[in-house]
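Report on one structure; see the data block that follows.
Every chain is named by a letter (A, B, C, D, E and F) in the order it is written, and numbering of its residues begins at 1.
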Amino acid sequence: MSLLTSHTLKLLEISLIEDIGSGDITTDSLIPSGLMAKGTIIAKSELVLAGLEVAQAVFHRLDPSLSFRALSKDSSRLKRGDRIAAIQGKARPILTGERLALNFLQRLSGIATLTAEYVRQVQGYKVEILDTRKTTPGWRQLEKYAVTVGGGKNHRFNLSQGVLIKNNHLALVGGVREAIRIARQNIPPLMKIEVEVRDLAQVKEAIEASAEVIMLDNMSGQEMTEAVKYIAGRAWVEASGAINADNIRAVAQTGINFISLGRLTHSAPAVDIHMLVEKT
Amino acid sequence: MSLLTSHTLKLLEISLIEDIGSGDITTDSLIPSGLMAKGTIIAKSELVLAGLEVAQAVFHRLDPSLSFRALSKDSSRLKRGDRIAAIQGKARPILTGERLALNFLQRLSGIATLTAEYVRQVQGYKVEILDTRKTTPGWRQLEKYAVTVGGGKNHRFNLSQGVLIKNNHLALVGGVREAIRIARQNIPPLMKIEVEVRDLAQVKEAIEASAEVIMLDNMSGQEMTEAVKYIAGRAWVEASGAINADNIRAVAQTGINFISLGRLTHSAPAVDIHMLVEKT
Amino acid sequence: MSLLTSHTLKLLEISLIEDIGSGDITTDSLIPSGLMAKGTIIAKSELVLAGLEVAQAVFHRLDPSLSFRALSKDSSRLKRGDRIAAIQGKARPILTGERLALNFLQRLSGIATLTAEYVRQVQGYKVEILDTRKTTPGWRQLEKYAVTVGGGKNHRFNLSQGVLIKNNHLALVGGVREAIRIARQNIPPLMKIEVEVRDLAQVKEAIEASAEVIMLDNMSGQEMTEAVKYIAGRAWVEASGAINADNIRAVAQTGINFISLGRLTHSAPAVDIHMLVEKT
Amino acid sequence: MSLLTSHTLKLLEISLIEDIGSGDITTDSLIPSGLMAKGTIIAKSELVLAGLEVAQAVFHRLDPSLSFRALSKDSSRLKRGDRIAAIQGKARPILTGERLALNFLQRLSGIATLTAEYVRQVQGYKVEILDTRKTTPGWRQLEKYAVTVGGGKNHRFNLSQGVLIKNNHLALVGGVREAIRIARQNIPPLMKIEVEVRDLAQVKEAIEASAEVIMLDNMSGQEMTEAVKYIAGRAWVEASGAINADNIRAVAQTGINFISLGRLTHSAPAVDIHMLVEKT
Amino acid sequence: MSLLTSHTLKLLEISLIEDIGSGDITTDSLIPSGLMAKGTIIAKSELVLAGLEVAQAVFHRLDPSLSFRALSKDSSRLKRGDRIAAIQGKARPILTGERLALNFLQRLSGIATLTAEYVRQVQGYKVEILDTRKTTPGWRQLEKYAVTVGGGKNHRFNLSQGVLIKNNHLALVGGVREAIRIARQNIPPLMKIEVEVRDLAQVKEAIEASAEVIMLDNMSGQEMTEAVKYIAGRAWVEASGAINADNIRAVAQTGINFISLGRLTHSAPAVDIHMLVEKT
Amino acid sequence: MSLLTSHTLKLLEISLIEDIGSGDITTDSLIPSGLMAKGTIIAKSELVLAGLEVAQAVFHRLDPSLSFRALSKDSSRLKRGDRIAAIQGKARPILTGERLALNFLQRLSGIATLTAEYVRQVQGYKVEILDTRKTTPGWRQLEKYAVTVGGGKNHRFNLSQGVLIKNNHLALVGGVREAIRIARQNIPPLMKIEVEVRDLAQVKEAIEASAEVIMLDNMSGQEMTEAVKYIAGRAWVEASGAINADNIRAVAQTGINFISLGRLTHSAPAVDIHMLVEKT
């Protein structure tokens, strides 16, 4: 599916309205409407590129006659100075769209770049880096896409795409075993059940109740290793909570299948990208 | 104006749709529809709080009968363990709304916290910390609000709220003097003109053309000091570009009026906030 | 989750606009705006009721001050003459909303009634009646709800809520085994895989490739019995295609776990419900 | 006017969102994005075709580059095996759009087929088959179109397109004569008045008050014949209520001008149509 | 039906967004958020009031807690200085909503005032003043309402609410008789046919073809008198085109039934209304 | 920026829906769907043309295959009989779109024509004619555009595009000096401050508080002359209130910089434009 689903198009429209308001006074008062120009988008730091299709859509919404030529592609690793895309046509829409297109590219590439860094750190282990639902509201689809561009894998897209019994659910239902039993009765046939656990006792309950995926929340490396050994392939194992650049390799070593990281999407710093405009 | 403008409400609706999809299977299959509960939102790190009104709106959109009681307020400085709000009512909407409410709070408080840190660093100087248009697309209003919560001040909201002639405009128009002259003829009577300059020669042109605000882009401390001295109150002066925790105090010392920082909004890391749910 | 999600509310709004147009000329020209009345909704045939919440929403959108009192509830089995609900207040919105409220009730109760009939026919067998994606476009949520009201169970809500490899996929990918292998690599951890098969050879491939659910499409009773025996609990088994009142009990006897029926939603006839209005 | 009015496009968009959710996981995980294919839509039962334009729109919304070639046209009478349309292009959007396109075609063709059957049954009489406002909420325009495709004629589109005084109005206003008198004073000059009556006394009142159309509701054949004789061309006569395949010819014989049937739209069973996909 | 249909609410929302933009800077920077005030809306010229419900809706959309007390009502004839409404509550939303509320009131009251003037001029004749489809795009419902407030009557609401064969239709179809014949075959049973004619020959054709309404377009008083005499009650007669304050009484004298006036809605000058705000 | 922003497109969509309803019965019942025609839009009075792009958009929304050829252009001064545009293609959408396209053109050209008249009257003086926020709700962008077409200049677009302290603000804040002082502290750096004053004392306060623009509200020519003399270039001066064709030249003579006129947008009468359709 293209990135430009009806959802993304709605975010794009909101974004254009909020940035343009009643018009780009600076550009409209300075630049003759017929003046032609060329804008070149350029990386100002090392980065993994993500979001070209959205940047292009920004310019095409402003002026369908602009030519947008990609000079790199999503998932490319760029260094400072590499050219990303060239836009040619009327100067006004190029100038008006610049900031919004860059805002999309800088954020999505920031996420791809950070994801790629974590993927690199666990290289050699059979573990996959997962995202979470801790995405920027309104940006779920774009940010989950950027994670895959960086080499990560997507966890469930939203609350309807899988059962994940968390600690707050357990607090109301009474225990891992009981929760899995109730859920099993009520869910559609194509759904697996994942449960979040905090100690080995809960891991055992989960396995006995046939959970398909077990999330080890905030466990020590030692506990995780024991849990993986006990589970022994009877369920997928996911590690989550307080994992960062310092300890991720140790976590990978425990043998778990997935490491999920909220920070991929809620705290990835923007990478630096700019645009140079010249007459044509 | 309340934060909950039609724009914010649209973002909120998109966010609910993207996170809930066709329903929260986990909660709906586990939790009886009549079960009552209480959720407490708690800070897990030091932070400046922002976004309570949006968090409340998330829960009220899911179930207008939920009681949402604020236990802190926006702009409060909290420490780990401080309680932020208590939500009481049906357990299902509390669990379903948890993640989205936290996603809003964590991001907005992250921005307020980072802004407050920069404001603290320039204390003692007569300088104001400004945001930019480098906000998350769709979030302009929320993020600019969070900046004010952290003690910063808002630059123009969008392209229609002020004239800011940037380098790319100059490249097409031919020079600072000429650009200001053309703009002056075409803009509404209530608009000031700001121009981005890169050296002292441009500063002089700007002053001679009566620019009301001058943005010193990526200048050294030495150059900024000279520029401020030359300008001598004839225009407001804004410093921008490559300013960070290491050099911000030096920049403030030059006597400029404003420091604008894209990173307040495009790179503020989320702060850690969670929710505990219990039966009532 | 309430039936009145943002999606259902959008369908409701479209429906009001299409039925009212620029105004109910008959009612507005005949009935004084202050006249009060009472409308009683009554079953005119045997039925299983579904959709009360939507009927109520129709009247409340037209006039929030109308009192809507349910006299039956969803999933009740009613006979001709049973009263369903009473609406009191201004006569105009009661008359204007009548047809739309009944259109919702008649269709949803029709689906619940037909589903209940199929559920009754397989009583005594450990089989569940499932719906499909063959719902009325725009009505997915309402119709799937009506199926559960009738005692059926929901299959996946949409294309993002589970993997179901159908014959047309197989035609392009090359075979059951290959298809399951490729899908397994690419899907999120919480997804199961279902595959549609047409003969015993494909059943074996599916089991060897560890499909979690197997759909027997248009198989004879004999073939289904063999398939179930071969599968022996290693996967869930779903029967689909050309199942109707005449053969459903035979299908249930084969030991399959699920029977899915497009006709529950695409061909359920409306049940007969009307409203009587009187002065108050 | 094309079927694809802004209303139909909104229904189409809602339908795509509800069926695709966050993406077609099966297709996206199995089928390479560049793979090309051809889908052929084929009738699996006898039917009168309706809705080709909507089916085409489904595929074009998913991928404007798909080629959609109609092989039959709306109002054609098809037999099992007849080809309806061929779609060529990328395999992914063909597979993703299949179910929704078929859901539209099966329902609309079902209505056209049932209408054609009733039209056939009254052949030889000067009577027209009319639809009602008992359409599927959200589908008014599409279903009324399908009725005309089947040879029926449309009654008023909605509450603003004609005055139809029904029994519930009479209950509040006090009688046929009085109701027609009041309505006549208040309606725009281009509006006729129709009134629903239940016995001959009301027919006389209606004629004396110059009703332009009289609806005979649930009358016996004997009563209808008398009514038609009494009216003698002074108003159009419409028969309504409890008319079905068994008695429709007898109703037609009474000499009435119109027979209106709710079941054309609220209870037409879907006809069977499927799609075969193959590599190209 | 209330004025506040979903259509009017959409216009209201668009209007608020376009006038407020990213916020009322003047009010928000000057007025403390807790300051309470009272605004009084006052007529500054003679006028017939229309639109109170919309004015109230403007303030309630900005702040549901504002108290809006009507001091006059729609269709009241006011003189300079008469008080229209009082709004009490927070000062900010009163100031922010002032202009938009007045813009609605001034335009709608302008239309009601002009309509009342034309109605006054034809007093004593059995003729009704009609509006046309020459309304401000987006305002059809509001403006047609204002016409009725002024004592006029509504012609068809839109293109679906009646058949009006105009000169441009005739140019393509070939003549009055032929056009009426074709239309009669194709329209729903509740529709009348009106035809626009320019001379007596066409009037005769129209009568012979049983047109229900005849519009005399741009005819002289002499011709109109003859036409009315010839028609002799066999159809309604509407006069249209180039009718103004100077000749309307003469037109009324010809005995026609309706006079339609585009200027009621496309050229009514706004009346003068203002608001005074004071502390409370 | 093109006139066809997302805002204008929304107004256009609302307008089409309100005028077409469920379909153009007259045209659809009379005109064969394949008939081709040509429509010519012609001025029926002297006018300054504005709005061609919107008229074209009306026809293209109805049928993208229509050819729309402009024969004049916006800001042209036309006389009776001059041709404005020619539309060729299917007859149906030409007839259906005629009224809406004309409604846009007549209103916008009416505003441009009236503005041009006022601009003509002040010729020879260094004064500019400004619009106000007294525009038709929903039409801000279109009407402000029409003002520029007529030679006028735009005041602030909305409440977020400039600070204008009006009498009602002063009533709550306490005085010109105090109001300007408070506003100055709170507004973004690119905003100027305008204040509305009623006498010379307030003018002096405004100058002492360094207001950038001063609006003289309802002052006599004598007072205005004194005010301008006192201000002596230290602020821009705007005259407003009760200015019309009789006194505008006298106002211009006082030396003020701007004259703002609400009547340009709230009371400009529509100009007369029609369309002739013929077969091709």
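Just so it is clear, contacts are C-beta pairs under 8 Å (C-beta built on N, C-alpha and C of every residue); 3 or more make two chains touch, one makes a residue touch a chain.
This is a predicted model, so every value here is computed, not measured.
Q: Hop distance check: chain A to chain E, minimum number of steps through touching chains?
A: 1
Q: Which neighbours does chain A have in common with chain F?
A: Chains that touch both chain A and chain F, as defined above, are B, C, D, E.
Q: Taking each chain's centre as the mean position of its Cα atoms, how many Å separate chain C from chain F?
A: 53
Q: Just the number, please: Cα centre separation of chain B and chain E in whole Å.
A: Once rounded, the distance between the two centres reads 45 Å.
Q: Counting in whole Å, what is the centre-to-centre distance of chain E and chain F, each centre being its mean C-alpha position?
A: Centres of chain E and chain F (C-alpha means) sit 21 Å apart.
Q: So which bits of chain A are touching at least two other chains?
A: Chain A, residues with two or more chain partners: 7, 17-18, 20-24, 28, 96, 140-141, 157-158, 160-164, 188, 191.
Q: Name the shape of the chain contact graph, picking from line, ring, star, complete and other.
A: complete
Q: Can you list the chain F residues touching chain A in their complex?
A: On the chain F side, the touching residues are 1, 5-7, 140-141, 157-158, 160-161.
Q: What does chain A use to touch chain E in their complex?
A: Against chain E, chain A makes touches at 18, 21-22.
Q: Which bits of chain E are touching chain D when the two form their complex?
A: My answer: residues 130, 153-157, 160-164, 188-192, 194, 212-213, 236, 238, 257-258.
Q: Using the touch definition up top, name the residues of chain D that touch chain A in the complex.
A: 13, 16-17, 20-24, 28, 92, 96
Q: Note which residues of chain D are touching chain C in the complex, please.
A: Chain D residues touching chain C: 7, 10-12, 14-15, 17-31, 35, 37, 39, 91, 95-96, 98-100, 102-104, 106-107, 110, 133-141, 157-166, 168-169, 171-173, 179, 182-183, 185-188, 191, 262-263, 266-267, 269-270, 275-279.
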